[in-house]
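Below: one structure, written as structure tokens.
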Amino acid sequence: MTQQQTTGGDVRLTGISKTYGSFTAVHPLDLTVPRGSFFALLGASGCGKTTTLRMIAGLEEATTGTVSLGGRDITALPPHRRPVNTVFQSYALFPHLDVTENVAFGLRRRGVTPVKKRVAEMLDLVQLGDFARRRPHQLSGGQQQRVAVARALINHPQVLLLDEPLGALDLSLRRRMQLELKRIQTEVGITFVHVTHDQEEAMTMADTVAVMNGGRVEQLGAPADLYENPRTTFVANFLGTSNLIEAEIVSAGTDVVVSAGGGTLRLPAGRCPAPTPPGGRLLVGIRPEKISLDPAADADPDDGRNRVTGRITEAGFLGASTQYLVESPAGKALQVYEQNTGHRRSLAPGSEVVLRWDPAHTFALDAAQDMEAGVQSVQDTP
Amino acid sequence: MTRLLHALRRRLVVIAGLLTLAYLVLPNAVVMVFSFNRPNGRFNYTWQRFSLDAWKDPCGVADLCGSLSLSLRIAALATLGATVLGTMIAFALVRYRFRARGAVNSLIFLPMAMPEVVMAASLLTLFLNMGAELGFRTVLIAHIMFCLSFVVTAVKARVMSMDPRLEEAARDLYAGPAQTFLRVTLPIAAPGIAAGALLAFALSFDDFIITNFNAGSTVTFPMFVWGSAQRGTPVQINVIGTAMFAVAVAVVVVGQLVADRRKSRAEK
Amino acid sequence: MSATGGPPAPPAPAPPVRGRSVRKRLVPYWLLLPGVLWLLVFFALPMVYQASTSVQTGSLEEGFRVTWHLATYKDALADYYPQFLRSLLYAGTATLLCLLLGYPLAYLIAFKAGRWRNLVLVLVIAPFFTSFLIRTLAWKTILADGGAVVEALKALHVLDVTSGLGWTEGDRVLATPMAVVCGLTYNFLPFMVLPLYTSLDRIDPRLHEAAGDLYATAATTFRTVTLPLSMPGVVAGTLLTFIPASGDYVNAELLGSTDTKMVGSVIQSQFLRVLDYPTAAALSFILMAVVLLVVTVHIRRSGTEDLL
């Protein structure tokens, strides 16, 4: 796709919601996706992300609210009148048509010519020129995926919607296709709205991620911002792993001092949910890779960092790093990831250890939340 | 020892299966062999001597080819009617939620759970009460009626296994409702519709009981055969039976070969 | 870039009813209309007419009138109960035979046929393309007096046994109950084999390996894995065999004698030759009731209500 810059605009959802009988799939939602961005809707299955996507595509009628594209209200338009195309989950390639005819489908319906030349160019872009006459069932998963992308992109939509496009691929292929999709998006400059349950995929590919839970957007922002500054326990647990420690506020100044598990911890006031009256409760969070671990015997004296003592209950060797579970008064199973730099032997379960981290890396969340929200039962360990 | 028994038991299933197959195919073999018979007298039940007479003159018996063409015409029209109506019902049942769904399902199921003679007798009662003239039209009406359920069942199975996202993909790719139906839904449902149509054709062409009740003096091919069982069975009946068997097998084999070749060419 | 996860949802206003939605809601009814109408007029309505006919009295000359003459049912049953019981007996026997013969064949196609599978399937289906009347007549040749089959059975003393049981008469097979059941079994065998094959084909062959791995012998595997998983096919097959067999009169007329007449023959002759419409309608109604009862009980008991 070398030619025309797509004449797109922002996708703007205003008060959009979807209810099925008494079940609310998506609560009234306002969302703006800026033109040309790679936007990800991230969440577990059933969180409303796919429903939101389908309302943009027109495949689902919104119960309330409007969808507009570049300032034009398209809420009432049926899907075939919307300048929006979708890459479907498990692709939905037409089994009775070959690759060429699948890709040409949209062009033919709109009477855009020349079909042959455009299809050939498109197939080159996704590196499928040699497979033009195959039927979908004769292609591998990765090839099918690229046909699905080509079939949508060839129409120069103002927005490309991707519904779990990589869900059916195995891990290594998924990684490759993530980079491939990112490359294509940069090349064509079309707005991509990508739905996924894979937090890593969302963070690798998207400029902006909206984390959805229970039909609502929990938090929205750049991947690094979401990771470093989660505002809810769901986001803290769903994006990567967080150690959450129940704590009580002792004093508040530029730094907030809290007590937890018999000791005290400090963190910047700016990372607390306001207000922070002494005696109030907080959930203090720290990412496992931000913690350093030393045997209790040769721990340095107090160096201004937050300290927690405990005992290792499990140690898992992962090659590049080692993952520890530490039992302490502050938490029964604190996780610590340590790079295997080789400066000291890894610690065995049963060792008494000191956990230390920079107060600036500490964040705090409202204590009136479920600490376990968003914890994935089977984790994809980085 | 147990190994031997195991092997034998395995073979037993195969042997039993093959014997059943022989039982199924035997009458066809007899029909074929006796199409080359020159019987003494009116009935073609005992072998006399080889002859090609009947094959040289398949229409040499009065009314035989007339009844055959009538049966083909009825079967073609009944197939058309039942396939169109049945496909519409199948789509409605699979694709839409509506009231009276259970009642419609029962209405589809009941004709298949009814001995033919019951439907035949009751339909005749209706026609007699309405004062309808029995003949081509009443036979056609009856055939569409009993083929309908089978078409619905065949098409329903196919439409149910169809990924609804395919149609969404079509709509997403600028196909309006009509285009979506013509270019995506119909081609993908086609094997189910074809299976239903084939079944309807076979059922209609071979139907005897319902036709027997509702045909009046119209003679379809099965009616002709039935009559000849009383009056005398011409060898030509066997010729027609053998020819249709051969054509059917040939169509299946050629179809399979074409499909295989297309597949291997596409994979090249 | 702004987003707010909405506040607690305000009560959602009823979705605006758009013209599109109303038309959409009517679509299924339009699709159903012609076919359902056809079945109502030519299947359901005739049943009503038949019910009404069965309680009429009169004659062809004077016409029939509804007189609620329920005695027709009693008389019909009194006169024709042998044919009734015979129909059920023959159809039941044929169904059982179909199951016994058809299961190995279906099993063969599903698991043992390998590259011959399609050929065997074609051989099961292809006989359909020769009129079943012609094929039934072929049994007259196969079972002819003094023919190879009869002579072989005689030599093996099978006929002595079957004659003793009343299934055959002397040295004859033709024109005996055995010939009729043989014809019925033959005619409806494909209706047993195909559903059996369909449900066996769905069984993952790895289940057999798993059962073997878990210490099951071949026989135990069949009893505990294969057979239960093929039950939908068994139920469908037995129904597809029993229902048409119970109303059939072709085999009884072509291969049997006056002593093997089934209820279908009676209905046919009452309707088309004797022209005693009330009796014919009553018999037909009783047959329908019996078959529906059998079907319902059979489906309920085997718990495969979603069969069709």
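Going in written order, the chains are labelled A, B and C, and every chain counts its residues from 1.
Note that in this section a contact is a pair of C-beta atoms (placed from the backbone, for glycine too) under 8 Å apart; a residue touches a chain by one contact, two chains touch by 3 or more.
What you are looking at is a predicted structure, and each value in this text was computed from that prediction instead of being measured.
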| item | value |
| --- | --- |
| Chain pair, A-B or B-C, that carries the greater number of C-beta contacts | B-C |
| Centroid-based (C-alpha) most distant chain relative to chain B | A |
| Between chain B and chain A, distance of the C-alpha-averaged centres to the nearest whole Å | 55 |
| Chain B-chain C separation of Cα centroids, rounded to whole Å | 16 |
| Multi-partner residues of chain A (at least 2 other chains) | 78 |
| For chain B, residues contacting two or more additional chains | none |
| Chain C residues counted as touching two or more neighbouring chains | none |
| Residue ranges of chain A in contact with chain B within the complex | 57-59, 78-81, 84-86, 88-90, 92-96, 98, 105-106, 109-110, 133-135, 138, 151-152, 155 |
| Touch list for chain B against partner chain C, complex | 6, 9-10, 13-14, 16-21, 23-28, 30-31, 34, 45-46, 85-86, 88-89, 91-92, 95-98, 104, 107-119, 121-126, 128-129, 141-142, 144-145, 148-149, 152-153, 202, 205-206, 208-209, 212-213, 221-222, 225-226, 229, 233, 237-238, 240-242, 244-245, 247-249, 252-253, 256 |
| Residue ranges of chain C in contact with chain B within the complex | 27-29, 31-32, 34-36, 38-40, 42-47, 49-50, 53, 101-102, 104-109, 112, 118, 120, 122-124, 126-142, 144, 186, 189-190, 193, 218-219, 239, 243-244, 246-250, 254, 264, 267-268, 271-272, 277, 280-281, 284-285, 287-288, 291-292, 295, 308 |
| Complex interface listing, chain B residues touching chain A | 163, 165-166, 168-176, 179-180, 183-184, 187-188, 190, 266-267 |
